[in-house]
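These notes open a run of structures that come right after.
Each of the next two complexes has chain A plus one more chain, namely chain B in the first and chain C in the second.
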Partner chain A sequence: MQNILSILFCLSLFYLAVTPRVKAYVAVLRFQGILLTILLMVPFVEQFSVFAVILPATLFIIKVIIIPRYINKIILELDIKRTIEPTIQQFNFLLLVIFSFIVIFLASSILSLTTNIETIPFASGFAAVTVGIFIIIFRKKLIVHVCGFLVLENGIFLFGTAVASDLPIMIEIGVLLDVFVVVFLMGIALNRISSTFEGFDVTILRRLKD
Partner chain B sequence: MLEFSVLILIPLIAAVVCYLIKSIRSQYVISLIVGAFHLLFSFIIFIGLYKPNLPFFFSTDSLSKLFLLILSNVYFWVVLISFSYLKRPVTLKAQEGKKYYFLLLNFYLFANTAAILSNHFGMYWVAAEATTLSVAPLIYYYRNEESLEAMWKYLFLVSVGIAFAFIGILFLTLSANGTIMEGQQLFFSEFVKNAAKLNPVWLKASFIFIFVGLSTKIGIAPMHSGDVDATSNAPSPIAALMSGSLRITALLGVMRIFQILTPTSSYEFAKLILIIGGLLSLIVAFIFMFKVNNYKRLLAYSSVEHLGIITLGIGIGGLAFAGAMFHTIYNSLNKMVLFFTAGNIHSRFKTREVNGVSAVINLMPWTGWLFLLSFFAISAIPPFGIFFSELMIFRGMLFSDKPWILAITMFLLLFIFINMGRTLFQMLYGEKEEKNIQEKESFEIIHFAAIVLLILLIAIGIISPGILQENILSISKDFGIRL
Partner chain C sequence: MELTSILQGIISLVLILGLSPLFVGLVNKQKAIFTGRIGASLLQPYYELMKLIKKETINATSSSFISAVTPMINFIAVVIAAAMLPISFAHPLISFEGDIILFAYMLGLARFFQVLAAMDIGSSFEGMGAAREATFAVFAEPIFFFTVGSIAFISGFTSIYDIYHSIRLDNLSFVVFIIVCSISVFILAVTECSRMPVDDPNTHLELTMIHEVMILDNSGIDLFLYQYSSYIKLFIYVILEASFFYPFAVQSYTLGIIIFLVVIFILSAALAAVETITSRFKMKNIPHYLLFATAIGILNLLIYTFTR
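So, the complex of A and B:
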């Protein structure tokens, strides 16, 4: 089950690599949030406990409902154009993503020989971190950078389940809240940027340098 | 529970109260009382009059006691001068920022205390991220384009960096695979005890990720840019807060993982990484000191330089390690004076460009002389404390197995001193412009704070209290260093 979900997760990353629309990024974030929620719910099939529902529920509320809605609201309010404005061609970007997937999956399968890890979720998590970084590097729009950051965070979350680290529930919720507040602050900053500068891409942020 | 409530709960409650109260003056009084209590309590804990017994994921050791004292000291002075700072005229847009100033400051104290006292890597991460979140809106205090850009860059870069640190923490879980630590919680103390059994490959990976991730927050090269932008565009109390206390909180995370690596085979590797990070920071500071023409950026690069020296000292080990611990204290005291006085200069001349500022000594004698003295202090001129700590670090380098590092460091520091001096003297002396002649400045609370801090800087350096020495010896012992 964990493997199927991880592969679906990887497919969503590929979709990110080819789509030119900002809205699609938000949809993918919502989809990934649902996948991660299901992943956390899997243990309940065998053993149900009310207390353990808190974490998946918080995850669902933050990653599937609040954050995508918030980003959509920003896109609407600021009237951001629909395309993502890449700095390199989409095809080259896809090649880069495929290449890094190959490297990551090979490396993970080699690592799994010596360490006890779930290969596919481990590699998928790492791939998501890489794709998140690529999105931040190769896209101009600031709102897309926020999406890239969230993809990176989702990757880390998946990665965390793969290495079977069970942090205390209080800390997991703390992590989720931190991510939420980061996105919230970034949204406010974007609002200010749109009213202070003309445009929403990184090229306007060049006042500070030596 | 007493220590837990004074150190962690009360700042949080104060933050909520500051949200409810509208009057800035009452917010200030509340924050000052909280800060004073916090300082008093950290001091009592530091000198060992009270043995704290913290619940949940918190605990204290020699290292956290020292860093806690540095934090509360910086916080107290920053709050003390904040009210006079907030009274200064700002643009209409910036008026709204004042409402949340003390709220965020209290929240910062809460988050930073939690980060320093945490005994659990997960807790540390959550709290460290919370400090970023509380500082980011404060950077945007002036509500202008530069501060907005600085806030965005800081928030983004540090959030991505700290996400990398989280990957490092997950690697630490992997390193426990197949040992008795498997499936255990991520407590520092437990990991330190069982460090020798951990998997060295994953430990190395974990160290690299945590170091690179947190170095965005520490502000050491090559990840310094967000931090430099933020420190140079934040209002000066916040810049002092960041240089004096936030950077060492991030350093604490690196030191925790470094402590775990101490008894393992990866120790030499980790030391090498720290040395490279430190030297790179010195080189970056060296290069930018030639071309910087914004005095707040100059001070921000000076922070990069000193955090570089501290990292270098930790990496060298031995006497240099103890020197680096002393250096964290002196650096935090000194940076406060520098940023406070630089803030005064900024509010008088309304510019951060060096060329727009001249004859500070004549126009603002109090600020000018204090700025000059704090420049001497940061350049390690005796009798200021930094002289003693740098001497210690240099001795440690000389008697280590890599004495050539001393030569490089001395060379870089000399040029940093010359360039910094050239720029600052141009500001302090230089020709007096007609339009700037106004009435002489009066003695304000900022000057009082600066004088007390400079006296502290000299006194701690010369007297070198026994309790402090004992504490640093015990930290060194925790890191497996015999002095």
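So, the complex of A and C:
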């Protein structure tokens, strides 16, 4: 089950690599949130405990409901254009992603020989971190950078479930809170930038020197 | 080979040849219904083929023997490819170790000659169409080899019939694998048969055509062979996809046939829906659409190579 969810996660990463729309990024974030929630719910089939529901529930509320809505609200308020404006060709970007997938799967299969990890979730988490970084590097829009950051964070989450089966719940919830605050701050910063300058193209921000 | 399996092969080949125009008719009818029209009859493709047979064949004065032989080579190559496909449980007419390669390259041969013939006529429009067809074929071929090839790799068989017989649905990860594969086979079908997001079968502007522009100068029996082989080609890819659901036929043959027909109907509805709701991609966006399908195949291969 964990493997299947990870494969779906990888598919959503490929979709991120080809889609030219900002709305699709938000939809993929929502989809990944749902996948992670299901991933956390899987152990409940065998044993149910009320305390353990807290983490999936918080995850669901923050990643599936609040953050996507907030990003959509920012997009509407600041009237951000629909395309993501990549700095390299989408085709090259996808090639880069495929290449990094191959390297990551190779690396994690070598790692799994000596250490006790689940290869597919580990590799998918790793891949999500890489794709998140690529998105931040190769896109011009700040709002897409936020999405890339969130993908990266989802990757770290998946990574965590692959390495240690149960992290302390308080730590996970703390991380979730951090992420939420970061996105919130990004939103405020975006608002500020847009009220001070025209648009928020990163290439223009480069000219801001003191 | 036993007599019954030869008989099964002949029957399934006849079914493929006979029903492929009906499938196109089905897709067109559903497309019409989705857009609020009544649409032509289900048998319209048959009437069109009948009409084309009766017409006179005229070749361009600048064309050589290639234009004369290509429609026949194209048609025969596609029919040979069709003879390798199992319909549900039936044994195909041609089946041997490694026939997936022959299958892919029979379709490749058909395309190669079609491109040659388009260049042969000497019209600039057709040269442009040939260039596009060849370009997109470069990206479409890896899709086939990475998806069907990865199933071959996993099952350990290299014949289409054996590959489909080794699929078992009791393993949950195999189910996801099949679903993922069927996404990329669907994209492959759309590309190879020049359907909507890649090419518009109904377009009337030469500059935007891919497949249709290559057969602009053909008429009569030549055009009949081209059209008919394109119908068969679409049906081949649909069967390729429907065969993923073969395991249901293990329990009973009737269940297998029913599920096969249902899947084909669902696929026709999916094709019609995609053609209704999407518009064509820009030409420059097509390569990464195709690379996406290849990426899915590579992902399958990676997962099953490194995690056994």
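Things worth noting here:
Assume the second predicted complex is superposed on the first by the 205 of 210 C-alpha atoms of A that agree within 3 Å, B and C clash if a C-alpha of one lies under 4 Å from a C-alpha of the other, contacts with A are read in each partner's own complex, and residues count from 1 in each chain.
The rule we apply is simple: a contact is a pair of C-beta atoms (placed from the backbone, for glycine too) under 8 Å apart; a residue touches a chain by one contact, two chains touch by 3 or more.
What you see is a predicted model, and the numbers here were worked out from it, not measured in a lab.
Overlay on chain A: chain B and chain C fit together in the combined arrangement.
Judged by the touch definition given at the top, the superposed model places A:C10 against chain C, while chain B stays out of reach. Of the two partner chains placed by the overlay, only chain B lies in contact with A:T115; chain C stays clear of it. Once the two complexes are laid over each other on the shared chain, residue contacts for A:F105 go to chain C alone; chain B is not touched. When the shared chain is aligned, chain B comes close enough to touch A:F159, but chain C does not. In the overlay built on the shared chain, the residue A:L95 is in contact with chain C alone; chain B does not reach it.
Of the two partner chains placed around the shared chain by superposition, chain B is the only one that A:I171 touches, whereas chain C remains out of contact. Looking at the shared chain after the overlay, A:M1 reaches chain C, while chain B stays out of its contact range. Applying the stated contact rule after C-alpha superposition, one finds that A:L35 touches neither chain B nor chain C. Superposition on the common chain places the nearest Cα atoms of chain B and chain C 19 Å from each other. Looking at the complex, you find that chain A touches chain B at residues 115-117, 129, 133, 136, 142, 145, 149, 152-153, 156, 159-160, 163-168, 171-172, 174-175, 178, 181-182, 185-186, 189, 192-193, 196-197, 205, 207-208, 210.
Chain A contributes residues 1, 3-4, 7-8, 10-11, 14-15, 17-18, 20, 90-91, 94-95, 97-98, 101-102, 105-106, 108-109, 119-120, 123 to its touches with chain C in the complex. Against chain A, in their complex, chain B makes its touches with residues 57, 120, 122-123, 125-126, 129-130, 132-133, 136-137, 140, 145-146, 148-153, 155-156, 159-160, 163, 166-167, 170-171, 173-174, 177-178, 183, 185-186, 199, 202, 229, 232-233, 288, 291-292, 297.
Against chain A, the residues of chain C that register as touching in their complex are 172-173, 176-177, 180, 285, 287-289, 291-292, 294-296, 298-299, 302-303, 305-307.
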